[in-house]
Amino acid sequence: MDKAEFKVRYANGLKTRREVLGPEHVDKAIAGQDDFNRPFQELLNTYCWNDIWSRPGLSRKTRSMLNLAMLTALNRSPELKSHINGALNNGLTKDEIQEVFLQAAIYCGVPAAVEAFRCAREVFKERGA
Amino acid sequence: MDKAEFKVRYANGLKTRREVLGPEHVDKAIAGQDDFNRPFQELLNTYCWNDIWSRPGLSRKTRSMLNLAMLTALNRSPELKSHINGALNNGLTKDEIQEVFLQAAIYCGVPAAVEAFRCAREVFKERGA
Amino acid sequence: MDKAEFKVRYANGLKTRREVLGPEHVDKAIAGQDDFNRPFQELLNTYCWNDIWSRPGLSRKTRSMLNLAMLTALNRSPELKSHINGALNNGLTKDEIQEVFLQAAIYCGVPAAVEAFRCAREVFKERGA
Amino acid sequence: MDKAEFKVRYANGLKTRREVLGPEHVDKAIAGQDDFNRPFQELLNTYCWNDIWSRPGLSRKTRSMLNLAMLTALNRSPELKSHINGALNNGLTKDEIQEVFLQAAIYCGVPAAVEAFRCAREVFKERGA
Amino acid sequence: MDKAEFKVRYANGLKTRREVLGPEHVDKAIAGQDDFNRPFQELLNTYCWNDIWSRPGLSRKTRSMLNLAMLTALNRSPELKSHINGALNNGLTKDEIQEVFLQAAIYCGVPAAVEAFRCAREVFKERGA
Amino acid sequence: MDKAEFKVRYANGLKTRREVLGPEHVDKAIAGQDDFNRPFQELLNTYCWNDIWSRPGLSRKTRSMLNLAMLTALNRSPELKSHINGALNNGLTKDEIQEVFLQAAIYCGVPAAVEAFRCAREVFKERGA
């Protein structure tokens, strides 16, 4: 294989990732690549950010909402913070983020929502929002 | 307290719950009430189905998508099946449900998505879809 | 080592386990032992049922309540059912079990409590309660 | 609705919350309210701290023990720390907290208990205990 | 893109999947494909079974052991059963499977190991082992 | 009981624990013992580090790999970091650790692997590797 498809998937995925999470955040991750994490960065750019995020079946805004819900359920705060940032980049309003986390309070439990609201507050502060 | 607000919340919540999950499903749950689970059924109808599901900030369709994502992450298959049914009642297409579960495959792991696709297949079959 | 201590821990633990979960349930598990699961059964009887359950710091009734809460959180329904049965053997009332699961609804999320109430109903029915 | 019941539930819940978690902790959370998290704070004070914590079926001390067990299982350390503090306010001894976490070691796994003991140590230190 | 790479990845992955999980099991999954789950089956065959399982850095036997450990931790019993079967196909002995689950008892908690031993017993019985 | 067996199990377990996690790390934990956590430290040294880690059925290197997989799945980062350190002490190469975490990306989800790669990077840096 000449990996032509891989290169296209990688480039497309990296483009989407930069648009969603912000170019500084992604460029820093790519700059920090070494032999240890390169295969994982490749997997992120191809599988996650091209093969799934580029599918036309849902809008980016909807995908962001789903990620906020899943990352709250999964208790993955650093990734949740990245995707709260991504959600704002994708056009979610603070009111919509609030609704997602209120709904998570019922289904994932109150402590999960406490953490999600805390993460959001930190992201809003970092963005000067 | 004369519990006037409670009665309104209960009635509104029960109405929403019947519309989303289907009247047979909900009537069966209510008919099965006894002293042991009555306070929990009350909690479901007021807190979950009135206080959260009746908030205007997100459409029912969006709330259904969020629930599919969270219940997949939380590994709660019987509730997931109820809410796949609810999602179809709320107008989600099979293609949209597919997209939610493909995205869950990345974020929650492949075994979570295997289970979600299995649950969906069962619900589609039960509905004759 | 002549394993004298092991034998005492094993016998004490098995006794406690039979008293809590019921002799039929435990005798069946012990009768089903083979080379594959024997080391695990030994671990259960010594570590779990002697070293922890025999500690005097909490009553059996309190330990049962903690187990109902943890097994609901951990989404382990077959074990939850065993310990609902054990809780009744240890003197918990149905009202107290109800309270544990209502509290779990807040902290573990509503779907966890739905499952716990369903498990309890099944156990009550099996016991003819 | 004139929200009279809501106001009573809110006031009662806030009172219980302050008594359990300590007034400074709660006053800080309330002072930090804004449009983004206000509905969630309202939900905490009414649903969690009034509707569940005010139920007479279990003592506050027992509810604290259940929370320590669930929050350990759920891997929610900041909330666990708040509720270790609350448990001490509700009269749990350090020996009883130790027993809860030893039992959690069996059912939730050793890493969960490592984290719980670490959280307790931090809370004891902060209280000067 | 002419999808030449995709076709190679799909064919290689499907071959590995059939060798590990058994041809009947996999042929049944492929035969059950429809428009709803086809993209997910493609994802399984390319990403999971080619891109990861075909990497030379770990033996299939080691990858099976890791899966037993992870699926026990994740509480995914149907997938765990498939991979207990796969582990036996990949040359793990029953004694090695026992060791994995005993270690899981410590780190994931005793209820997780109870479930894993139960799943193994069922698989052994189905294989007539 | 004269606790002769307990003393042997404790000493053997402590020896293994020091060899795997490094003597400084373990000596610090033991030095930090007090009445509150002593029973838990005893449980760690006997049950975990003697009764399981000393079993001959799997090599220490294999046990380390299983722990990396389980701790990634369980979202227990401080313990994961200790066991990445232990894995290196037990002879795992960085390439093997990479493979474990890539496999975890499929089965536990991408956010779990993001966290595992981050933990590894921190451990490598602390060891000057």
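A few notes on this one:
For clarity, chains are labelled A, B, C, D, E and F in written order, and residue numbers in each chain start from 1.
Going forward, a contact is a pair of C-beta atoms (placed from the backbone, for glycine too) under 8 Å apart; a residue touches a chain by one contact, two chains touch by 3 or more.
In this text, all values refer to a predicted model and were calculated from it rather than measured experimentally.
Touching chain B and chain E together: A, C, D, F. By residue number, more than half of the contact pairs of B-C reappear in one of the listed pairs A-B, B-E or C-D, namely B-E.
At the interface between chain D and chain E, two copies of one sequence, more than half of the residue numbers in use are shared by both copies.
Of all chains, the one whose Cα centroid sits at the greatest distance from that of chain F is B.
Taking the mean of C-alpha positions as each chain's centre, the chain lying farthest from the centre of chain E is D.
Centroids built from CA atoms put chain C at 40 Å from chain A. Rounded to whole angstrom units, the spacing between the C-alpha centres of chain A and chain F is 30. For chain C, the set of residues that touch two or more other chains comprises 43, 47-48, 71, 74-75, 98, 102, 105-112.
Under the stated contact rule, the graph of chain-to-chain touches is complete, every pair of chains being in contact. Here chain F touches chain C in the complex through residues 1, 3-6, 8, 43, 47, 51, going by the rule given at the top. Taken in their complex, chain A has these residues touching chain D: 75, 94, 97-98, 101-102, 105, 109-115, 117-118, 120-121, 124.
Considering their complex, residues 36-37, 39-40, 43-44, 48, 71, 74-76, 78-79 of chain D touch chain A.
Taken together, the chain F residues at the contact with chain B in this complex read 106-112. The touching residues of chain D, counted against chain C in their complex, run 47-48, 52, 55, 57-58, 62-63, 65-67, 69-74, 95-96, 98-100, 102-108.
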